[in-house]
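Look at the two complexes coming up: chain A is in both, with chain B in one and chain C in the other.
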Partner chain A sequence: MKFLSREALQTWLDRLANEATLIAPRLVDGILLYRSVSSARDIVLDYTRPKMSAKEVVLPSSEPILLVEKRGQDVNLSEPPTGEQVVFGLRPCDAHGIAVLDAVFVAQEPVDLNYARRRNATTLVGLSCPQMWEDCFCTSMGGMPNDPSHVDVLLTEVENGYAVTTVTDKGRTLVAELSLQEMEYEPPESVLNEAELVLTQEHWPDRFADQYWDLLAERCLECRMCAYLCPVCRCFDVRDQVVQQGISYSKYDRLRCWDSCTGANYRMVAGGHNPRATKGQRLRNRFFCKFHYFPVEYGLSGCVGCGRCIEACPVNIDIVEVLRDMSRASNAPQTSKVSPNAETGITA
Partner chain B sequence: MTVNGPGSPNQDPMHPYLGRLVGKKDLGTDIKLFQIEMVESTGKARFADYQPGQFAFVSALGIGEAPFGIASTPSESGVLEFGIAKVGNVTAALHSLEVGEIVGVRGPLGNGFPMDEMKDKSIYVLGGGIGGAPLRPVIRDILDQRSDYGHLTILWAARNPSLLVFTDEYELWRSAPDTELHVTVDEGDEEWRAAGGNEGLITHLLETIAPSPEDAVTITCGPPAMLHFVTLTLNELGFSLDQMWTTLEARMHCGIGKCGRCNMGEKFVCVDGPVFRQDEVSGFLESYL
Partner chain C sequence: MTEFALQDQIRARAKELLASEQVQCVIGYEHGSRGQIRPVFIHQSTDTDRLVWDQGCTHNLVTYLRDKKGAFGSGEHPQRVAIIVKPCDSRALNVLLAEKQIEREHLYVIGVVCAGIVEGAGYAGQSSDKLQARCLRCNDRVPVIYDLLVGEPTQAETEDDYIDLAELEAMSPAERAAFWLKQYERCILCYACRQVCPGCYCSICMFERDDSLWVGIAAGTKEKEAFHLGRAYHLAARCIGCNECERVCPMELPLSLLNRKLAKEVQALFHYRAGDKPSQSPLATMLAEGEEFPA
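After this line comes the complex of A and B, so read on.
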């Protein structure tokens, strides 16, 4: 185990901010966010979790993925350049979220090059949580407050400084320039919340047609905040934006923008048909995506247990409560609502 | 993590290739056939081969892109064809383009119909409205290799006569060996009735023809309600779900399983489909209806 003093950390962060884009927890009008910083002074080191996840670092809320230039009949298409970036102070749950995004965008063919380019140019420096905070349930989703699995380097606060765990080659390269001291003791373990949830997958498919989802959705405002704050929700829309439009020269950006499956017209096709026309169907998709589709498709949980959606939901839709409810077979009568598929599913 | 090439657009599945609009023809009311020739060698190579049932994104650059079933076959000298109805922003922009203008094309995407599995079988092709467009390459493929397949029956339908697509190919289809064509519209006009055209739903036409399920497969594309009722009718006629193929429509923004838009339960229409066998569709948790 290596040790980095507080003073040495400040010097290092200042250097990183000069050499590359450094993203770290910073207060923006009183709200803590992962944002670019110009010096170590801007960085908050004592915090719970930033208001938004670090998803933006690899999948910005809105970004050009294609640049279109038209000169008369000549059209040129190109991809925007990507610069090196270092993320400092990443909470392990947020790093876990990026690992899940990697599974979707990179591990699963075909590779999304736009994502992969940025991801390759990104180095992740994690900072262990000394404890699990209110609403945190990372340990139920395969994480730990001091989990080094998904970062390149992990720092854990100890007296007068930080214990440094280098995890990947990228991390080793990043800390190579530091003169780290040997540390004689192990950093303290993080304080965990109450017992883990006991979760089971088995009831999910059976409860697809359950009334439960319509009842839950009665209070959903479709504000989509849960999806935007989520480290894993990755649904996006693609649309073109005019940058400049003239007779002989025009320029457009093709933008990729966050979207959410709870939005009313999310699945509506141009002809007007909407196979997910009710709020209950849409909210159900959000939870099935995380806890049934992700495990089936990627062998992963689509939730990392950061608790942001619980904190942010204005009508107290609580993902942990949903997990608990889905861990048992329904005790409500099955069901007033029959999936239309049940009809088409005629037996041969 | 491996990335194929240093950001080479040739391998970027979100990168469109430039195409020139070389032809634009009316197919029906607010439905046009777009003929596109790829401009760059990379784009030409990409579309040198594709399967009936595959789709591509067509861009009206500066407005956006949308997915369309490819209506041509690769045998047609490098010209890609799409039957596109004017229903939204992108399609309206495409409809307003002049021949000679540049579009973007991204693909081919999706799985396509398993034509090999259909060889030697009697084939029933059921197309409803603009849903006929992705079935045209199926018909062409069969007619191009006529002796490889059994009897071909085409059931062609639309809400009204002005929405029937590829009507100028009826004679070609009718005159092909071992091939028959039946056309119906939900509601005909005077001219339609005077000519003795069929009126009624495609399911009614299907009941009238009453195909035998023996050594037969069906290929259906049309609006969700049509798919649903065609499936029920075929089942009544003795077809099992594993004899029925369909291609599904879904809103999508990437076509490569990333944007999350087109899932039906744990399946993505874009990468797991758009072509599915009906027993798969019925096994999905979520309905397309």
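After this line comes the complex of A and C, so read on.
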């Protein structure tokens, strides 16, 4: 393995912070978040996972996707600028989340230009989890706490430093200037949680009309916390906003902002009709999207098993409990049937 | 009386109420996953053994009554519901009754004598033996409204000195603004504070209108400030201090400081405490002695 000492890491991170926007786990008023740092000193290296996922670096909670300026009869359209950014200390599940977002925004035409611009300017440096933490279930979602698949470079803590695995060309370019020592030993494997979940994706359509969802949703508060903390949830709303309006000069922003299927007005359409009018229908969408619509549409799980929503939900809506209920229900006689095709088209 | 005895009493009454069809649903607490306590909705008299009561029952269940009153304009009848309330939660019932949001005859209130709720309640692995700060300064042991009282009424001799506000009150307006803007910046606009609040029952929140009448959809500090300050003002003389907003906030915004500052001012100016009395009208529509509503 290639070895980077602790001291060399600090020097490298300081240099990265000077050359690009460096985003890393940092304490903000006592809460760990992926945020830009000005020096290696600000970076927290010993952590479970930041409170929010890293999706903000490629899909900000709100961003102008079009800026319109009107001067007299001239209309100018411009796009917001994006600079180079390096994300350090990314957990493998969060990198997995970005890979899922890539499938939606850039893998197929039409490419989402804003997302693509940010994504191309982003280099991901992962940091392996030494163990799966409480609430973690990444191994059930096709991940591993030391999975290098979705990062450009992966660091794994070893004695006095880090094992460095370069994964992509982008990663090779990033570490090219580092003098890495060749060591004879390999980094230790991460400690895994025991319980593996059995996923029964094909049975989900049979559960569409179950009363289960209405009953589960009774305690749902319809906040959007689960979706906003999630590395994969990517729904957004777009609205035009007046910044300045005058006779000779006007300015408008077209804003894109996060949205969530748990929110009451999520599927409201013109005229006030809402095809997902009840809490149960919307909460069902959350789970169907992750475990049925998304896998069917993209061949990937819509959940990476980071466990953030489990930890944060104030009323204990537990995604693992839902998965267990679903696999139990798939073995039980069906109480109701619907045509699966009626719904598979409705993805976020 | 032990917690188990209280729990048995709650279960027994819930069973009677459901079996006799006096209510269609009992809103209470149950053991959830990972050792957490969570809200539960019991519809069958055979399920009442799921109900629990202990010092981890932190959620203010009154917020769920807005789902039981029948969708606005749908013609649905409100459900007859039994609900378990702590003294703080019970004051939220009075607020909703005074604001004509719920009807007393549709409600069966199981009031529980409360000695305080522990810190970390409602989250896995975080529960401690220490009482929540709001409970340490709370003087109320008995709910202000109930049909069945569970537990032996006790007395508490605590004085709320609002010491938690001292630091902010000592700041200059500019310092205070800087403090709050720094807090708001962290907010992710998940609206959990609003959703969990029994006092926030508007079907369309003014801060989320499709026409952006008051605030746009951007997640900027300006928008967040408008939302939090607006919400605080809308809750002035209505917030009963259950502190659910602060508990649920994933970004740990100290929202109690906003709500309690307003509660303190309202108490000093009008000698009014939200939800204390059953027939109390909202402060905004109360008349002083000698005043009359215009004809």
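We take it that the second predicted complex is superposed on the first by the 329 of 348 C-alpha atoms of A that agree within 3 Å, B and C clash if a C-alpha of one lies under 4 Å from a C-alpha of the other, contacts with A are read in each partner's own complex, and residues count from 1 in each chain.
By definition in this document, a contact is a pair of C-beta atoms (placed from the backbone, for glycine too) under 8 Å apart; a residue touches a chain by one contact, two chains touch by 3 or more.
The model shown is predicted, which means the values in this text are computed figures rather than measured ones.
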Next item on the list: After lining both complexes up on chain A, report clash or fit for chain B versus chain C.
Entry: fit
Next item on the list: Return first, second, both or neither, reflecting whether A:225 touches chain B, chain C, both chains, or no partner chain.
Entry: second
Margin query: So in the superposed three-chain picture, is A:318 touching just chain B, just chain C, both, or none of them (first/second/both/neither)?
Written below: second
Note to self: A:119 in the overlay: touching chain B, chain C, both, or neither? Say first, second, both or neither.
What the structure shows: first
Next item on the list: Decide which partner touches more residues of chain A, taking chain B and chain C as the two options.
Entry: B
Next item on the list: Quick one: the Cα-centre angle at chain A between chain B and chain C, nearest 10 degrees, please.
Entry: 90
Next item on the list: In the overlay, answer first, second, both or neither for which of chain B and chain C A:11 touches.
Entry: neither
Check: Which partner does A:38 contact after superposing on A: first (chain B), second (chain C), both, neither?
Finding: neither
Margin query: Taking the superposition on A as described, I'd like to know which of chain B and chain C A:239 touches: first, second, both or neither.
Written below: both
Note to self: Once chain A of both complexes is superposed, is A:292 in touch with chain B (first), chain C (second), both, or neither?
What the structure shows: first
Notebook entry, point to check: With the two structures laid over each other on chain A, which partner does A:135 touch: chain B (first), chain C (second), both, or neither?
Noted result: second
Next item on the list: In the overlay, answer first, second, both or neither for which of chain B and chain C A:29 touches.
Entry: second
Check: Nearest CA pair across chain B and chain C in the overlay: distance in Å?
Finding: 5
Item checked: Contact residues of chain A, present in both the chain B and the chain C interface -> 237, 239, 268
Note to self: If we count contacts the way the header does, which residues on chain B are in touch with chain A in the complex?
What the structure shows: 1-4, 7, 9, 11-16, 18, 59, 61-66, 85, 87-88, 91, 100-102, 104, 223-224, 228, 231-232, 235, 240-242, 249-251, 253-254, 256-261, 263-266, 279, 281-289
Item checked: Of chain A, residues touching chain B in the complex -> 65-66, 68, 70, 73, 75, 77-79, 102, 104-106, 108, 110-117, 119-120, 205, 208, 234-240, 242, 245, 250, 252, 254, 259, 261, 266-271, 273, 275-276, 285, 288-289, 292-293, 296-297, 339-341, 343-346, 348
Next item on the list: Spell out the residues on chain C that touch chain A in their complex, using ranges where they run on.
Entry: 32-34, 36-41, 59, 63-64, 67, 122-125, 182-183, 186, 188-192, 194-196, 204, 208, 210, 212, 216-220, 244, 247-248, 250-252
Note to self: Using the touch definition from the top, list the residues of chain A that touch chain C in their complex.
What the structure shows: 28-31, 51-52, 61-62, 134-135, 215, 218-219, 221-225, 228-229, 237, 239, 241, 253, 255, 257-258, 260, 263, 265, 268, 279, 310-312, 314-316, 318, 320-321
